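Have a look at these structures, which come just after this line.
What follows is subunit A paired twice: with subunit B in the first complex and subunit C in the second.
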Partner chain A sequence: MGETKTKVIKEVILPKRKLPELFEKLLPDYDIYGPVQKAKEDAYEIAPGVDRKTLDLKKKLRGNDFQKVESPDELNLEYTTTVTSLKKFFLPPVEDLVKFELQNVKLKDVKEAEEQIRPFILFGVHPCDMQGILRLDYSFIKGNPESNYLSKREKSVIVGVNCVPDEYCFCEAVNAQVYDEGYDLFFTNIGQSFYVTVYTEKGREIIDLVETEEVTDTDVKEKQKAIERSRSIEGSEQFKPDYHNMPLLCKAGDSLPFWDEIGNRCFSCGTCNLVCPTCYCFDVEDVMNINLKEGARKRFWDGCQLEGFAAVAGGENFRASRTNRNKHRFYRKFLYLMEEYQKPFCVGCGRCGRQCVADINIIETSNLLYDNVEKI
Partner chain B sequence: MKPKVAFFDFTGCEGCQLQKLNCEKELLDILQHVEIVNFREATSVRRDDYDIAFVEGSISTPTDVGRIQKIRENAKILVTLGACASTGGLNKLKNFQPLNEVREYVYGDKAGYFDTIPVMAVDEVVKVDYKIHGCPMDKNDYMNVLKALVMGSKPVIPDYPVCVECKRKGNVCRYELGEICLGPITRAGCDARCPSNNVACTGCRGLAENPNVDEATEVMKKYGLKREDIIRKYRLFYGYWQEVTK
Partner chain C sequence: MNKIKNPYRPIKAEVIDVITETENIKTIRMKPSEEISFKTGQFIELTVPGVGEAPFTPSSRPSIKDMLEVSVMKVGKVTRAIHELKKGDIVGIRGPFGNGYPMEDFKGKEILIVGGGCGFAPLRSLMYEFFEHEGEFKKLFFRGGCKTSKNFLYRSELEQWAKRKDLNLELTVDEVNSEWNWKVGVVTTILDDVDMDYSSGIAVVCGPPIMMKFATKKLLDMGFKESNLYLSMERNMSCGIGKCGHCRLGIYYTCKDGPVFRYDMIKDYPDIWD
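Entry: the complex of A and B
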């Protein structure tokens, strides 16, 4: 877990018809989560009188999400992206940190929130999301490990699959299209079979549950072709800056007027934060049960785009304007954390741009920064 | 000593009061913490020595004005329940039409017997301490405020847009499904109930804090709505905010 550049233990071919058998053997020991299409194509007909052309405004996300599955038939492995990122498995939208008991308005007892999590497999993780998880690992495990995060992360097994990118994907431009870091297993879709790369002992145990085939030269070629098709070329080519220069660009372009144009469009709805695989900010609130004797300290997803995020007692707000908040989020991806981690904290998944109702797109923002700094 | 609470209703459907009675699992617990001294829909007790007044409905007649002022005098804390009381809610639609016509439409030739004034939210008449939003108000929202008041702490009332709760739930955006949704500018706290049940947000909880209404208008235009359609959408629940509904 969290290890960098893993060595290949072995490579095998798994015919797709073997997948049900593999799932059957895994289910007694693991919960399996994978991409499921929640909103099918016909969901577009929910709204009467809507012109299909207007739908192109909101692209082809088509509502995939990681959900618990019992059989591989439920999976949509040829998906582009999911609504929510995979952080929800390690940092749930709402979770109990501790439970407590009061007596005469004084603290009587505090105990860890009881959590019975079974080991689980995330099946069908794309490279950008794997990189997202590795960045969360950095944030939650380096230094003082955060036990609530760690306890879930330790139970996870990650099976990657190659992506079907669209024009919002730009993982390659931020060096996040990485195939050999973090996975237990990686499945490359080569038609009738998966080309399986085994990276960990846990991965080996899993793949050894079923009979596999040896890799042939043709398979190797097919795998290379598949990986080539999975490159996020369209979006990555749109992204103009060299990502290494992003911290410098941020510093140089801090007072440029284009930031206000972006700020003016922003709803401050926090969507970009909440769908982002590397945004980890949260708020904590003590919630009492109705008996007013027991309660729980709950943790919720928060977001720096929300107006009240940087408000403090006394009514002061350190980032009161939308412009400042937008800049802040961008800097968290390409300046502050990047200088510390040496890699962008944006993994190019494109969720923020796809799901922004105001169509604020991180590729476009990066390009505006690049173009405007050039002009200085 | 248990705080004494009272419930009052003004112009509205009493749906919010019903929501309270729907807290069936919690009702007995609630009664451990408070004493109800006035609640027309649930008890025959009528007393005016209450600490906390929960008020439902909008102010829409001269009699209402006097009544709410009296309640304010009696109560230490006044909490509005639901859209009608907190923002004027649907009742505000009346204010976009000539008062006399509206009165005649409802009461016909008896209109003369019924005096009417433009609809106001409770805080347009008296000071309101806390607002529980929504049409109808959300049960959990109500419980949270009640718990906080009993414990003597300040209730947490969300000021951010519905999108936050929608994203926490992993919903597919209504815009992506080609629908118009007021979620990006509407106050959260409902746990994104409508979008989670396949219906776009109509804005019943009123506007979020500092909402970007201009951008919402732009987006709706992009989705093919005309200006008058957009204004009509805003008027449904944002009638209390003149800037967006004129």
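Entry: the complex of A and C
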């Protein structure tokens, strides 16, 4: 886990009719989570009297979410993306880090939160989200490994599936359409079957639970076609810069006026932080139970776009303007962490752009940066 | 995988004394349940049971392992609760975190220490280190400023330091509202008479962001090298281990890579000052 897994152990064909049997055999040992369509048309309720046709529903999310499932019938494996990312499985929105016991103002005892979770399978993970998880691995394991993150990550098994991209997807432009890194198994949808690539021993144990078929030349061709269909060409072609140059572009374009135009549009709602697979900033707060005797140190998701994120108690706010906060999020993806990790911390999933109420998106911002730096 | 220690778990520490320093600053002396070894300039997270935690750089001697002190200004939720602490209360401590002052790099050098307000707290610990290793540093200058003479942190201790032969000390306040025999004006106005070779000397600055900004500008104008300027960057350090993101400063986390930074490391990043 955490390390690159490029070696293919074996490749087999799994007929789709075998999936229920596979799930049945897995359920005693694993919780299974996969993409489930929550709403048929869009994820938003329309107020009475509002004509649907007048609304731009094109970009509204097709309402998928990673949910716990009991059978493969519940899954929507031909999906574009989920509204929220998979970070919630490793970094829940609220989480106990330690527990306290108090006696008046005296700290009496500190205990581990010790939440026991069952091994779980994330079934149907797209390449962008796999790369997102690998970015989290880097941040939470490198330097000071974090026990709270690791305890969940170690319980996870990841089964990838190829994507059905839309115009917001630009994974290819940021080199995040990677099929051979991080997965235990990868399922390529080739019609009546899945072309299964096995990357880990854990993956082999799982796929060996059911009878599979040998790969034929036709299957290989079908797989190549499926992968070709999954390329995020529409969005990726819109993205003008070469991603390698992003740190240089950020530095060169730091004082350009277009940043203010974007900042002025932003509502500081933090939705981009919420849905992003690689936005992992959080706050730590001590919360007492109503009896005031016990409490817990809790971790909450936080967002760098929220006004008080960089404020200190003395009254200073190091990023008081929306422009600076927007720039900060962008730099975190394409400059700060990228210089450290050598890869962008944006995986091109397009979630922030799809969800932004002000229509700010990374493709547009990157292009504005690129065009304006060119003019200098 | 080996069991990794939970980094959010504090150890217990008993409050053994509470010293009222000024109208809004108190020093809390604590005895940790396990020995804590910190380098001057590193910080700890102090938990007030039931309220929360906040970061402070100890102001006490790093060589003392079974006691530490923090001087705390009452500004927010946790610091208000810290001001309510009494002898015998049990608090929590995590840390130490970050990098302290690189004492080895200071050896044999002329050093100017510029402090402002509550910034004296980390600097007191640093001064103790200098005094304990007397003779290892070429020359020491201390220039300290505060808003008012009445609320001058560690004033009597500083007046004692003024008598030391190994230290050249000057103090100033913006406003005189009690007996005062030192200068009047902001701290940048008392730097000109520092008699040292600026181009090879070290300057250490710790204080509120606005003071740090003007002091840095002044020191650069005087001829100090960017790589010889050591700044204590104030940020909302929460997790302490370079994860939570609040204290990010360019490619750095203030908690992990700071809070002391050389100016040349951070000068090109946005938002370094308020």
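Assume the second predicted complex is superposed on the first by the 357 of 376 C-alpha atoms of A that agree within 3 Å, B and C clash if a C-alpha of one lies under 4 Å from a C-alpha of the other, contacts with A are read in each partner's own complex, and residues count from 1 in each chain.
Following the convention adopted for this analysis, a residue touches a chain if its C-beta (ideal position, glycine included) is under 8 Å from a C-beta of that chain, and two chains touch if they have at least 3 such contacts.
Note that the structure is a prediction, hence the values are computed from the model and not measured.
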item: First (subunit B), second (subunit C), both or neither touched by A:Cys304; value: second
item: First (subunit B), second (subunit C), both or neither touched by A:Asn264; value: first
item: First (subunit B), second (subunit C), both or neither touched by A:Asp254; value: second
item: First, second, both or neither for A:Phe282, with subunit B first and subunit C second; value: second
item: Partner chain in contact with A:Val312 - subunit B first, subunit C second, else both or neither; value: second
item: Touching partner for A:Leu292 - first (subunit B), second (subunit C), both, neither; value: both
item: Shared subunit A surface residues [contacts with subunit B and with subunit C]; value: 105, 285, 288, 292
item: Residues on subunit A engaged by subunit C in the complex (per definition of touch); value: 97-98, 100, 102, 105-108, 110, 112, 139-140, 143-148, 150, 154, 251, 254, 280-286, 288, 292, 295, 297, 299, 302, 304, 309-320, 324, 327-328, 331-332, 335-337, 339-340
item: Subunit B residues within the subunit A interface of the complex; value: 26, 29-30, 32-33, 143-144, 147, 150-151, 156, 159-161, 163-164, 167-173, 175-179, 183-185, 198, 209-212, 214-216, 218-219, 222-224
item: Footprint of subunit B on subunit A - complex, ascending; value: 38-39, 43-44, 46-47, 50-51, 54-55, 57-59, 61, 63, 65, 83-84, 88, 93-94, 105, 264-271, 274-275, 285, 287-288, 290-292, 300-301, 303, 306-308, 322, 355, 357-358
item: Interfacial residue positions of subunit C with respect to subunit A in the complex; value: 1, 3-12, 47-54, 73, 75-79, 84-86, 88-92, 208-209, 234-236, 238-239, 241-246, 248, 250-251, 256, 268, 270-274
